[in-house]
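Handing you a structure now.
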Amino acid sequence: MPPELLRMIIAAVLVVAFVFLNAMILGYMERKVSAHIQRRPGLMEVGPHGVLQLIVDGLKLIGKQLVVPEGSNKFLFRLAPVLSFAPCVLPFVVLPFARKLQIVSMDISLIFILAMTSINVIAILVAGWASNNKYSLFGTFRSVAQAVSYEIPMLLSILSIILITSTFSLQGIIAAQKYYWFILIQPLAFIIYFISGLAETNRAPFDMPEAESELTAGFHTEYSGMGFSFFFLAEYANMFTVCSIATVLFLGGWKGIPLPLGDYTGIFWFMLKVYGLLFVMIWVRWTYPRVRFDQLMTFCWKYLIPFSLANLLITAVLVKLI
Amino acid sequence: MHPATEKLVSALQDLSISVEACDYQQRGYHFEIDLEADKLRPLAECMLAREMFLGFVGGLHVKPAVEIIYQFASFERACRIVVRVPVAGDNSMPTISDIFQGANWHERETRDFYGVNFTDHPNLKPLILAEEDVDLKPLLKKDEDLKGATEVRWAVPVEEKPEVEKAEQG
Amino acid sequence: MENLAENRTAYTDLEPATDIPNENHYYLNMGPQHPSTHGVLRVLLEMDGEYVVDPQPVLGYGHRMQEKMAEHKNWMAFMPNTGRMDYAAALPYNHGYVALFERLCGIEVPARAEYIRVITSELNRIVSHHLWIGAMLLDMGAFTPILYTFDDREQVLDILEDVTGSRLTYCYFRVGGVCKDIDDKFVEKTRAFIKRQRERFDIYNKLVTGNIIFIKRTEGVGVISPDMARRYGVTGPVLRGSGIAYDVRKNEPYSVYPNFDFEIPVGRNGDSYDRYMVRLLEIEQSLRIIEQALDQLPEGSFLGKAPKKMKMPTGDCSFSVEAARGELTYYLVSGGGDIPYRLKIRVPSYSNLSVLPELCQGMLLSDLVAAMGSMDLVIPEIDR
Amino acid sequence: MISCNLNTYLIIAVFMLCLGLYGMMQHRSMIGMLISIELILNGAGLNFMAFNRFLAPDPVVGQIFTLFIMGLAAAEAAIAVSLIFAVYRKYQTSDPEQISDLRG
Amino acid sequence: MNNRGYFGELWFGAKSLLIGLNVTIKELFRPIVTVQYPREECEITPNYRGHVELVFNTETGGCDCIVCGMCAKACPSDCLVVKGEKKEGEKRKSLTLFSLDFTKCSLCGSCVETCPKGALDYSQDYNIAGFTREEFHYDLIERLERRHQQPLAAAAGGN
Amino acid sequence: MGDQERGKLNVHSYSAELQSRLERGAPGDLVVHDPGPLYKHKLADDIFNLCRANSLWPMTFGLACCAIEMMSLGMARFDISRFGSEVFRPSPRQSDLMIVAGTVNKKMASAVMTLYDQMPSPKWVIAMGNCAISGGPFAVEENYNVIEGVDKLIPVDVYVPGCPPRPEGLLEGILKLQEKISGVRHPFPQRKISDAPSY
Amino acid sequence: MAYGTLTEIFFYLFIIMIVFGALVAVSSPILMKAVMGLAMAMFGTAGLYLYLNSPFLALMQILIYVGAVCIMIVFGIMVGYTPKQLAAYAIGPKNTILALVTSLLTLGVLQLGLSRTQWVQAQGAGGGDCSLAALGEALMTRYGLAFELISVVLMIAMVGAVAITWNGKRRGLK
């Protein structure tokens, strides 16, 4: 077996394991942080401070019956969770966790990530359509319109960074932040990216597709057991991806106070920043009410896109001048 | 008496509806009206024009016929009016749900409970009871419990207060 | 396989089988189990895309035969039922019921008892508004405010539980008074609560009232005009949101309410935001009433002379109180004896909800949820 | 090594083209026809890329043309879907056979 | 609100959102208010209305019930059954059966208030649960006797 | 108004589905899906049961007064999330536990049964409050609408009496349910609460 | 197993994806499945682009075709068709033979052409700079006009799509 192949297999296993681990950490974090924001202890009883709770939940979901509702398209109904899970794993392959901790180094890794995240929408579409449930279909409509329109400001804000660094390589972008982080010169782009990221991952206050009080559980209303947990995993994996791109583009990636074995231990700073951003995401979720669907679109078209366009233009002019 | 209330009373009297003033402290309403079914709609229109709102519509099963009780009140002043209308012989009643839209549900409910048929009501389907219980009419009384219409009215002012005992304290 | 229903699509199988005339419209069945219908309301929505064309509430999923039971039990035995109609604010229901009999039979109530009634009723009103603020925000997707309001709510429940013995469905008032006296500890705790609650308004305002998303979601949504309110008989905070200052406590004062100085907050536009503001300000007014009542609290007995076996005169009698959701009227027809001949209960939410079909026509689904949330519905109260 | 053989790519491209043609003629719904068109365009793109890789002197040309094709395909899909909406709203059908205003 | 203009609204909105975040982050660092029930004993007010119980009279060593049946009559949902028989040589009836169907009780307190002897009171049981509904058909005499065997714990409870 | 129209209030006119369910009683042994080979192993089965017991996701399903106390249990004062049960799922597909909190009446009964059927097995039911257990104060002679006990419709695992029960009572019910599922009462160290103090 | 063999296996996998996806796309009576087939074929094509030395285009293929075009089509399906209609849209029997004949004929002719033609490499083929930078350079300089044109086309398409779908203010219910 060629060493390259062996490396790929090990990497794939690691990535999948990390996706599961990440979902557990994030799930735990979300439930704990929300609990303390609401002045209650949250998970306590399963394991010390409830650390085993997510494992227990996962095992329980594995043991649940998978109900395929009547009148649904059986094949597509089963396909959708897999379809949503698979593309969420792939971005992890190119993420630069540290200088030497990157599975595949690619010139165009940023585009790769964007391409992969765009597939996720199809999974939601399929799930909503195949369920044969009006609530699911509603959630799907909202999700698609939302994802399609928020992709624009997201790409525009990324582009203004690309203009500065003139590379699509994530390592290259990190290297370009030698003296300062890009959040200092591109704060607007960062804010726009972060808001769009919230919308892309369907997080509150933009959690239209699964708006509990309106659409019960949105596009995964009909999913039980493992089907549901795949969507759950995918959501958390997506959140991680979005935040890690933000870290790379704006917060200097794995850079930080030098540690011994810096080429590998940079992962500490990287994770710190990513989970910091994820904390903000959770914090935001437990603070605000949900926006209405048309307001969401208005906000995108009225504020985010003009601002990101203006930001891009100004950046372009400045880059040319300097 | 509030001038608006006076106007209302005179307007009702113009419709040749007799309005009786009551002791509010004893009964909790200011006027009572006993009405025939054919004058109900003019009365309701008059009430709406004089800025009264409909408190509720309820049934009362007495001999000889079920009575429908309407209570009107005012947002602006203390004025509460009780109207009693016995249903016609064919168990029907004109609807006022096109005048006071709020009556819509009250009438449906009364139909559920007493089986009174409100003519021209837009949608007289069961509201509270299940569809299969159209004929249940749960609030109709058994024969042995049924009382006459006059038996449940205030008699001549009640002189003797009910017998009062000293209650235990604590 | 015995279990045929297992694979039925969730939520949709209660829809009517009939086709609707317009081909582009379709039915959406909300409830009887749906997170935002507060229990067991079912709303059948005829939809055109995301727009609601015709919302038709279907009642009766919480119907508990209250009026039937009232006719078959003696008056005291029906007492616990009153607290179970509107479980979010049970004491005004108790109040109306006992006051009805006091009016019918001409029973005097000691002043202290009336003060206790007012204090506990107002506390209960605050509890109800707490619950409502949380529930409405929950409908609109904010989870945290409900925990904060419940935190405050628990403070009051502790106070009330101490004196009434239960947390929710009180059965505390008796004809002629109340069944247990309040003590200094109660007064002390209530004063502490008033202080605490006044400080907590800051959090409500920062987290909810001023929040741009909340404002955008509620402003101009579900506007009830005064005329519409009159035609439907809407009462309570929903009515006051429309700018009509109708409050039974002022209009037909009962108990010792005339002794207190308080205002009736009214809104301007009649939209969901105004209804929210009215309730928030009402909490403050209730605090004022409680404060004054505690200051004026007279000494004396808490349970007056009440007949052990009460014989009612024949005749009819009506009593209205201001419950947390609006005007509550008990209308009693008595044929003598100790069992009511007929007890009609006019519950506020019933009329308030009946506006919904007209109010929500042409609305977005999300707005419907916000508008319905702002009504403060308690379904078993509506269904009775 | 068939991955280094030009003909492999061309055959696949031809295959996609013919399937697209077949679908165009046989599908009864407009969306189905749109899908077939996308297939044909895809085949064309593949063709460009293959020639570019194996025959052309400048490896940029083919890529640019394929990019343009993608752009055109996106534009075409947008227009087509909106047309389908409009037609559907007017005629309440999306079977092209039934839209026969011009035939009288 | 409506006339803030494009930038005014943006400014107002952003400010209000930041204020909201400020509230929640402050709450994050405040102590929790939870009473962790099975691990921490929770305080129940002595006035709590649990299901009714017979009162143990420390002087007579029994209960004061005189089998008048007032409580059963007053109960709105007929959940009390009181039976007694007159034994030879006794002045009044002695209690043979006092059963409570707690699943029908609405805790209104009528029975406690009507009892002429004060032989009934509310228990403090706030955390009962069981696997069958028959578990809550209590025989109050038996419960009284059971409690009586641990007089210390019983006396502490109140009354 | 003839005699036959009146005085027949105890005669329930149930829909066919409800009628048959009431006659047969609640289906005690529901069809359980084939759990797969892993479950046939004793240890694996035990582990899974332990997981299930500690991850009970209730359905958002309130009927009447008790629903408010159920909500209270989720709130900061009582905090059901300590046991991992704060995940109130709005869809029956994702919930394991149905807490019937309140009065079930005739109209609601079919919805309750449908919702129960829609939950994927394994699933459990807690009847909370006297109304759900036996009709409570509404189980009177002239009852024409209230189902006297939800266990006539669906199999109930744990009963929590009270009107309404305190949130601690419901918590106790959940602990009882955990005991029923996994065979151990709350597997992690727990201080024993002395039997309810009485006077 | 040699690395080359592995890449070859993946190559076959991509071809199978294309063939299978395209077949599903044109033959499935259920439009949703057809779109899934199309997405699969696109994905396969993207894979082939990798073998043609252009990972950039492969990603663009996924981003544009799978992420945008397919989603738009699915959206069209969901908005334009009720589920009942979707089930009814089976493939009509009318044109099948004609379509089969035409497409087979085309296939035959083109295959004939393919097998008879001896492709000649241009001078310097296979070399050259195919990096992203070169692509961008070319796009901005030599093909600048085409780039502008395609932008204009896209713009017009967007405006046109909006204009066609626009139906005035829809809601006049209240």
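The letters A, B, C, D, E, F and G name the chains in turn, as written, and every chain counts its residues from 1.
We adopt the following convention: a contact is a pair of C-beta atoms (placed from the backbone, for glycine too) under 8 Å apart; a residue touches a chain by one contact, two chains touch by 3 or more.
Note that the structure is predicted; figures quoted are calculated from it, not measured.
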Task: For chain G, the least number of touch steps when starting out from chain D - done: 1
- [ ] Using the contact definition stated above, find the chains touching both chain B and chain C.
- [x] F
- [ ] Using the touch rule from the top, work out which pair, E-F or A-G, shares more C-beta pairs.
- [x] E-F
Open item on the list: Counting only Cα atoms for the centres, state how far chain B is from chain F in Å.
Closed with: 41
Open item on the list: Suppose each chain is reduced to the average of its Cα coordinates; what separation in Å results between chain E and chain G?
Closed with: 70
Open item on the list: As a quick test, compute the distance in whole Å between the mean CA positions of chain C and chain E.
Closed with: 25
TODO: Please work out the Cα centroid separation of chain A and chain E, and write it as a whole number of Å.
DONE: 49
Open item on the list: Give the residues of chain B touching no fewer than two other chains, as numbers and ranges.
Closed with: 129-130, 138, 141
- [ ] Please list all residues of chain F that touch 2 or more other chains.
- [x] 9, 75-77, 79, 82, 90-91, 93, 107, 118, 137, 140, 144-145, 163, 166, 186
- [ ] Give the residues of chain A that touch two or more other chains, as numbers and ranges in rising order.
- [x] 37-41, 44, 67, 132, 141, 212, 216, 221-222, 286-288
Task: Of all residues in chain F, those that touch chain E in their complex - done: 76-79, 82, 127, 130, 133-137, 139-140, 149, 151, 157-163, 165-166, 168-173, 175-176, 180, 186, 190-191, 193-199
Task: Touching residues (chain side chain G, partner chain D) in the complex - done: 4, 7-8, 11, 15, 18-19, 22-23, 25-27, 31, 34-35, 38, 41-42, 45, 48-49, 51-54, 56-57, 60-61, 64-65, 68-69, 72-73, 75-77, 79-81, 89-92, 95-96, 98-100, 102-104, 106-107, 110-111, 114, 119-130, 134-135, 138-139, 143, 146, 150, 153-154, 156-158, 160-162, 164-165, 167
Task: Residues on chain C engaged by chain E in the complex (per definition of touch) - done: 73, 76-81, 84, 144, 148, 151, 158, 161-166, 169, 171, 179-180, 203, 206-207, 210-213, 215, 219
Task: Sites on chain F touched by chain B in the complex - done: 1, 3, 5-7, 9, 13-15, 106-107, 144-145
Open item on the list: With touch defined as at the start, can you tell me which chain E residues reach chain F in the complex?
Closed with: 32-39, 41-42, 44, 50-51, 53, 55-56, 76-77, 101-107, 121, 123-133, 135-136, 147, 153-159
